[in-house]
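Listed below are the structures to be examined.
Next come two complexes, and both contain chain A; in the first it sits with chain B, in the second with chain C.
And now, the complex of A and B:
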């Protein structure tokens, strides 16, 4: 750690991992509910479990991004953070608001939650992923503004690099596009249309900038390759990500009542979306091959390479599978979407945050470069357990999705939704098994923070 | 020995591709996007040739021809700019770049007049499949011209600041390569959409 104020990243990372555990616990409950429908009913019904699973994911990733920014920006800007106190205050506000919201989901019926939080004054609730009460949404905006102010002022007073600039643009975009969650028109077409401005333009737009910047930062640190080379790649990658991702929003506008031309532009441009992810894979492996030194934190390098591959597979390949309008006509909203969602979120955003945590956390906890060998070995085991089980979750869901698409939509004698769900139950059981392995991997990951802490730091492998 | 050194120097000078390698990855990706767009256009046209031919008649070929000449001229100016820099004539290089950017501006103005003409006639992306492609393709290219002008503008600023020399002007070649790509795409777009029947 070069600057004292970088230490504010630590609580953000700890909270992120804590919420990650919650997300996976609910994931395992949810997975079981697919085959044992009344499991934990009425305490935790399926719709609530799903809401908690997805909302926790988003919230912990936001914690991860903010923590990453608080670590990365001072180091890139070569100056202390503008206001560490503000960063800590925002941490507690965000954590309390997040926890209260999740408790609200779990403890009272959703309609009651809407009433208590006075949703009718400015109705924004009730839409997938944006279920948060309006007050929580306002809280998110306040936290985001304070966060951007803090990061922005730090940037202004320090050195400006491509990495920090791309990171900042990504974070500003994240805040700006979230504002569309306050727009809740009566017209259902418009509602869906702008809903995607948050959902799509986050994950297939500005979040890719954040991912690219963090990846570039960790690669600069761990490989010692010239900054100029890495920044050049970063520029090309984000340009491709924006060109394909922005117009690629059209692949959500096929069947919601928008003009027909979206079927063309959505198909063509979203078919390009794998390109920036593929470039990221080439980029990461290239930089590691051209490394000037072996960094003792091999776990962080593994995460960095892993995220580039898994993001390409999950976001790129699995996205492409069902992005073309003629294909999507049959696959829309089936388990193929779920398969893509799982691997894309894990490969791109979970893994990039874990990459950053893996690199920064040892330094935040007083190591000079890396954790002990023992700790890293456990961390790498958790990498493989989580990653391989996620591959299996994706494959099982894809199997379920292909069958579902065929039996429910494609065949001459289509079956009803629930009949099909019964037929593909075996895939849900297998997915649940893989989910449990993922949870074990996650627990192993957490344990790596406690194992081998008294042992000396790992040394550079010759 | 001396021969070897000379050969190396020649190779150094004619480094291929010119400009930064990263821009070529970008150019290839861009060309791929345009290639797919053109192919989609061609396939869709094959499905309804009469509609496409009939709609094509309402386009103004003269405007498009002016724009073609404008872009080719601007590419020539960019070539002169790079050539001037190879002889360390920074002032000339700057002037050629400004001239090239000016030609880009003419292109944008002419294209805007054309768009305005269509809109005043009530023609837009939703009129039919031909116009959907026409507007989307030309507007996508329009944005590339804007982007190219921004890059050439950055090159001009750097030229004026004395950042390039005859030995080292990779940034200038990078910008020039991108501009030629934008020009080349139009050279396919023009016959494809305006002329071919």
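And now, the complex of A and C:
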């Protein structure tokens, strides 16, 4: 750690990991409800558990992005953070607002939550991923503005690098597109159309800038490859991301009441969306192969390589699988979608945040370069457990999805939704098993922060 | 990457490409918006339907179901439920009303939302309106 104020990143990372545990606990509950339908019913119905699972995911990723920015921006700018106090204040506001919202989901019926938070004044609730009460959404905007101010002022007074600039553009985009969550017209088609301006333009747009910037930062630090080379790659990757991803939004406009021409625009442009993810894989491996030094934090390098591969598989390959309109006609809204959603979110955004935490956390905790060997070994085990179990979750859901698509949508004698669900239950059991392994991997990950702390730092492998 | 292709060239492609395709997205959005009246069944978007959409939202129906293929995958597609239930809003209302409070042992069950008569009618009308949106023939069959 070069600048004292970078230490504000630490609480952000800790909160991120804490909420991650909550997310996965609810994931395992959801997985069980798929096969034991009345599990926890009516206390925690599926829809409530799902909101908790997905909203915790988004909130902890935001904690992770903000923590990453607070670490990365001062170091890139070669100056202290503009206001560490503001960053800490926003941390507490965001944590309290987030926790209150989750408790609201769990403790009162959703309709009651909507009533007591006065959803009627500006109805924004009840849409997938955007279930937060309107007041929470306003809180998110306030936190985001204060955060951007803090980061922006830091950037202004310091050195400007491509990495910090791209990170900043990505974060501004994140905040700007979130504003569409306040637009909820009565017209269902319009509602759906602009909903994707949040969801798609986040994960297949501006978040890719954030991911690219963090990846570039960690690669610069751990490989010692010339910054000019890395930043050139970064620009090409994010250029491809937006060139393909902006019009690629059209892959969500095939069947929601929008004009037919979107089947062409969406298919052609979204078919190019795997390119930037593929480039990230090439980029990460290339830089590590051309490294000028061996960094003692081998766990961080593993996460960096891992995220580049898994993002390509989850977003690139599994995304491409169902993105062409004639295919999507049959797979739209099936377990294929869930399979892709899981591996893409994990591979790209979970893993990039864990990459940053892996690199930065030892330094934030007073190490000069890396954790002890022992701690890193446990961390790498958790990497493999989580990553391999996510691969299996994806494969089992894909199996379920292929059968579902066939039996319910493709065959001459289609069966009803619920009948099909019964027939493919075995895949859901297998997914649940893989989910439990994921949870074990996560607990191992957490334990790596407490193991080998008294031992000396790992040294550079020769 | 080769030496003749410089970082500033890459940066310019990023800025130029992003701005161009963002403007293209805006143009297509504008065009879509003017094509929507023919497709989105707005002539049937009554006050009651709007109220139904609110009932749909404030009970988080999307947390289990898909609507036009978007949402959760735990329970059946509802964009075409009006047609699947024999073009009957009464059948929809009857189903929602009759959900047992404690669920069905061992099975996935829908909660009992205790909707009043007005809310029930509104949400049923909302689903009828949704089923008449022009979705380019999606879903492939009545099972959704």
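Convention: the second predicted complex is superposed on the first by the 462 of 462 C-alpha atoms of A that agree within 3 Å, B and C clash if a C-alpha of one lies under 4 Å from a C-alpha of the other, contacts with A are read in each partner's own complex, and residues count from 1 in each chain.
By definition in this document, a residue touches a chain if its C-beta (ideal position, glycine included) is under 8 Å from a C-beta of that chain, and two chains touch if they have at least 3 such contacts.
As the structure is a computational prediction, the values presented were derived from the model and not from experiment.
Engineer: Have a look at where A:232 lands relative to chain B and chain C in the superposition and call it first, second, both or neither.
Structural biologist: Both partners, chain B and chain C.
Engineer: Considering only touches as defined above, state whether A:418 meets chain B (first), chain C (second), both or neither.
Structural biologist: A:418 contacts chain C only, not chain B.
Engineer: I'd like to know which partner A:264 touches here: chain B for first, chain C for second, both or neither.
Structural biologist: The first partner, chain B, only.
Engineer: In the superposed arrangement, which partner chain does A:253 touch: chain B (first), chain C (second), both, or neither?
Structural biologist: second
Engineer: Under the stated touch criterion, which partner chain does A:329 make contact with: chain B (first), chain C (second), both, or neither?
Structural biologist: A:329 sits against chain C, while chain B stays out of touch.
Engineer: Please work out whether A:275 is in contact with chain B alone, chain C alone, both, or neither, and reply first, second, both or neither.
Structural biologist: In the superposed model, A:275 contacts chain B only, not chain C.
Engineer: After superposing on the shared chain, does chain C or chain B touch more chain A residues?
Structural biologist: C
Engineer: Find the residues of chain A that appear in the contact set with chain B and again in the contact set with chain C.
Structural biologist: Common to the two interfaces on chain A: residues 232-233, 235-236, 239, 243, 259, 265.
Engineer: Touching chain B in the complex: which residues of chain A?
Structural biologist: Those residues of chain A that touch chain B are 232-233, 235-236, 239-240, 243-244, 259, 261, 264-265, 268-269, 271-272, 275, 279.
Engineer: Can you list the residues on chain C that touch chain A in the complex?
Structural biologist: Answer in residue numbers: 1, 5-7, 10-11, 13-14, 17-18, 21-22, 24-25, 28-29, 31-33, 35-36, 39-42, 45, 49-50, 53-54, 56-64, 66-77, 101-109, 111-113, 129-130, 133-136, 138-144.
Engineer: Which residues, counting only chain A, touch chain C once they are in their complex?
Structural biologist: Listed in rising order, the residues are 33-34, 36-38, 41-42, 45-48, 50-51, 110-111, 114-115, 119, 123, 125-128, 131, 162, 184, 186-193, 228-229, 231-233, 235-236, 238-239, 242-243, 246-247, 249-250, 252-260, 262-263, 265, 329-330, 332-335, 337-338, 408-410, 414-418, 421.
Engineer: In their shared complex, at which residues does chain B touch chain A?
Structural biologist: 20, 22-23, 25-26, 29-30, 32-33, 36-37, 40, 125-126, 132-133, 136
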